[in-house]
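Two complexes are shown next, each including chain A; its partner changes from chain B in the first to chain C in the second.
Our next item is the complex of A and B:
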């Protein structure tokens, strides 16, 4: 028996089999008194119940934060959080921010300069100087 | 002699399965009255107790959150929805899947039985997939491939990507949507399959052959330890606790929804993970093994030929060596010396043999359990590895 085995762990590919939404919790902080929370209070009253019912996989928490600007905090499966201040925004603008938080992966934003990122080896292979007829210099 | 330990086969597991056929008659798990020695107050007596309870001391706290609180937990409901579980699986069962034996030792309230059921289902589906997809994998590689998909570390990653979080410490007051575990002194070994070897007393020097591993040892080819459990590290205990959640969820799906749902869940959450089995090989004598393989299969003996080279007199030479059996080219490798290149070429040829696959659409035995399945055609399974 000359073959021995090395340990490895299979890599998860979210969405390849099952898809798990990466946003797991949304915190809504509002203030009853301050004017910057006016839109947030309207959002919590009018739009949030429908949004929460449509997304059972997200945990929603609404809590007051008197004397502060309204904030929405998204908690993600990778352990990161993403807070957005929504002062002086209208309810529908806040809904856009909430959708942004829902769709985010929780990763740091980074610049993508490749159209496709793949873990599979290249179909065409890598050019080798040692095969074929070679290259005349 | 080898010893079977029927006490480790859970009786409650069988009970749960018996009831699964008749959903209406099944007693919901939430109705189970907690009568542990730690909490001696049955729920039915609460009305009579109210008048006289002022004198008696309050009952000691439960080791894990009560199942009555499961429907109120937002985390639990979110986890249920995140996994797209069927409505047939109650939140109480999901709450129970999150209570490990390290938090609550009572098997009526922890996830030990569900986890054992789930682990058998996971291992069965992963194993049949591996054997049918790569029919020539050597046994040692097969064990490690199984561990890569269904081992505790892999299952821990899955549980974490489901958003399962551990409570700081298990207790009655904790949210039931958090994983209840602790790395304490009294470590309870999870239920698992295997025999205790009689030669285990002779120490580690005793050689375990691979074929005896198939029969005697655990699902991953690990030796089952004797009565005193081995001391595990914190990380191993943690991955065992998180892994048991995944196993218990799959056990719960099997119990409440049946075989097909459990298979679909295993396929989408565990078999969809990516593993390159060519990364698992470690060769000691590849050239000799290749010669043995060619002799066994009746090929002509392998010959290494130099295909091209560059910079033989320089500091960084490159040799490309191909291995030929007659006119067939078995493999090719490049290296900085002739010997390294030959060894690499032998490894490439051996991997080309071992990693033969009939394709991605290979059928597995459990496909035959579906309604109206096409007649079974036996897949090609290799006779075994080269000795």
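Our next item is the complex of A and C:
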């Protein structure tokens, strides 16, 4: 068995204390040549400076990836990443995707069909038939 | 049978060829040179009786019609170089090597064997060590040795090694070329000098100071045309010309001082080629032949020679605009961020590099390890 490093995982406890944005880093990859990066290049030139100024708690890294479609990768404080391909999108469509990444929790997408979802185990613990005095019927 | 008719056709073809390729026609044809008859004269004596029977008396024509053809002299189809080399006792080194001005390695010679030497020279004592012997380098280091490959052997192109990119500077050089061509025309030596190399170190200012007057597409030069022409045709070999250093700002100012009428000068073929050649010599920009034919005025030449500057990369644009100037949370990379860059960012790369070197492993790449064969097996390539 391979040795795995401990992953520092922060549980989202937003609402109990100060609000902490789950997204910690956004990577912007573009290509100088390809047409599918046209919108992305426009976004980086025109919209990203304002967005980055408005979110000082997020780290932004802009780097080229020649010969590939443009991608935005969000890094979250739970250790997960969320990449979105933004090929052939216009700058404002890309802005929507960036806002989506910013607001995402980093958790896996799952269906919420219960009203309450808790990551905390019950304070009373799980009921066991082998413990306690038993119940007279 | 078919073969022979083809031969005849070939022969007639050669006769039909006009004498413009005299050299080819001078050579005897293959069919003529070839001795088809393999029978010797002695054999033909043996067959005389049957000829007599067939013709009932004196047979017309020669006994062996094939050998009676005009006997070709000992002439060969081979080119002269081949003939030279086939002759015995001649130096077989190629002409290019013989005439080369480079110091080429000498021929391999073999020393006489010890026994032979002792027979001719009884005082000969073979050397026991290499002391006192002349040191001759190996062939692999021949060109590194002094005197074998110097500056004189390096290629010097006709075109300028430094390519002019800016349109304004290019225009200034084109103007100079036009003035020079007109000066040569006025001096009456243009046709003579159109194909020769014009002196590179001519006075740039002098050429640019001359006024060009254009009327109906025909240009005349005002000013001292003879001095410009003389500077061009002078045979004095000058050291590297320093006159080509025109900055973009200077060029812009110069362009303002000229009216644009000089760009409408109509071009004829000699002028077109002369300008192209001079522009190549001055700026290193060569206009393709196929496009040059379409250029009818100087303006067209300028359009063909000038190129739009390369568009800036996004990272350069961002730097120029200072888009993320004071934002501490933004990093812009000019190059792709690879695995090594990621390790460098966390400060782990120097440790990795050290450990790899310690184990004598390649730091980047796979060294001389073979390609991943298993991947080829899996993908069905092998």
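Brief remarks follow.
FYI, the second predicted complex is superposed on the first by the 104 of 137 C-alpha atoms of A that agree within 3 Å, B and C clash if a C-alpha of one lies under 4 Å from a C-alpha of the other, contacts with A are read in each partner's own complex, and residues count from 1 in each chain.
Throughout what follows, a contact is a pair of C-beta atoms (placed from the backbone, for glycine too) under 8 Å apart; a residue touches a chain by one contact, two chains touch by 3 or more.
Just so we're clear, the structure is a prediction, and the values are computed from it rather than from any experiment.
Touch criterion not met for A:95: it reaches neither chain B nor chain C. By the touch criterion stated above, A:71 is placed in contact with neither chain B nor chain C.
In the superposition on chain A, A:45 makes contact with chain C only, not with chain B.
In the superposition on chain A, contact is made by A:32 with chain C only, not with chain B. Residue contacts after overlaying the shared chain place A:85 against neither chain B nor chain C. Once chain A of one complex is fitted onto chain A of the other, the partner contacts of A:60 extend to both chain B and chain C. In the overlay built on the shared chain, the residue A:104 is in contact with neither chain B nor chain C. For chain A, the partner touching the most residues, choosing from chain B and chain C, is B.
Shared contact residues of chain A, touching chain B in one structure and chain C in the other: 56-61.
Residue ranges of chain A in contact with chain C, taken from their complex: 30, 32, 41, 44-45, 48-49, 52-53, 55-66.
Those residues of chain A that touch chain B in the shared complex are 1-14, 16-18, 20-21, 24-25, 56-61, 77, 119, 129-131. Contact residues of chain B toward chain A in the complex are 74-75, 77-78, 80-84, 138, 140-141, 143-144, 147-149, 151, 153-154, 157-158, 160-163, 210, 265, 267-269, 271-275, 279-286, 288-289, 307-308, 310, 318, 320, 334, 350, 354, 385, 387. Looking at the complex, you find that chain C touches chain A at residues 313-315, 317-318, 321, 323-324, 327-337.
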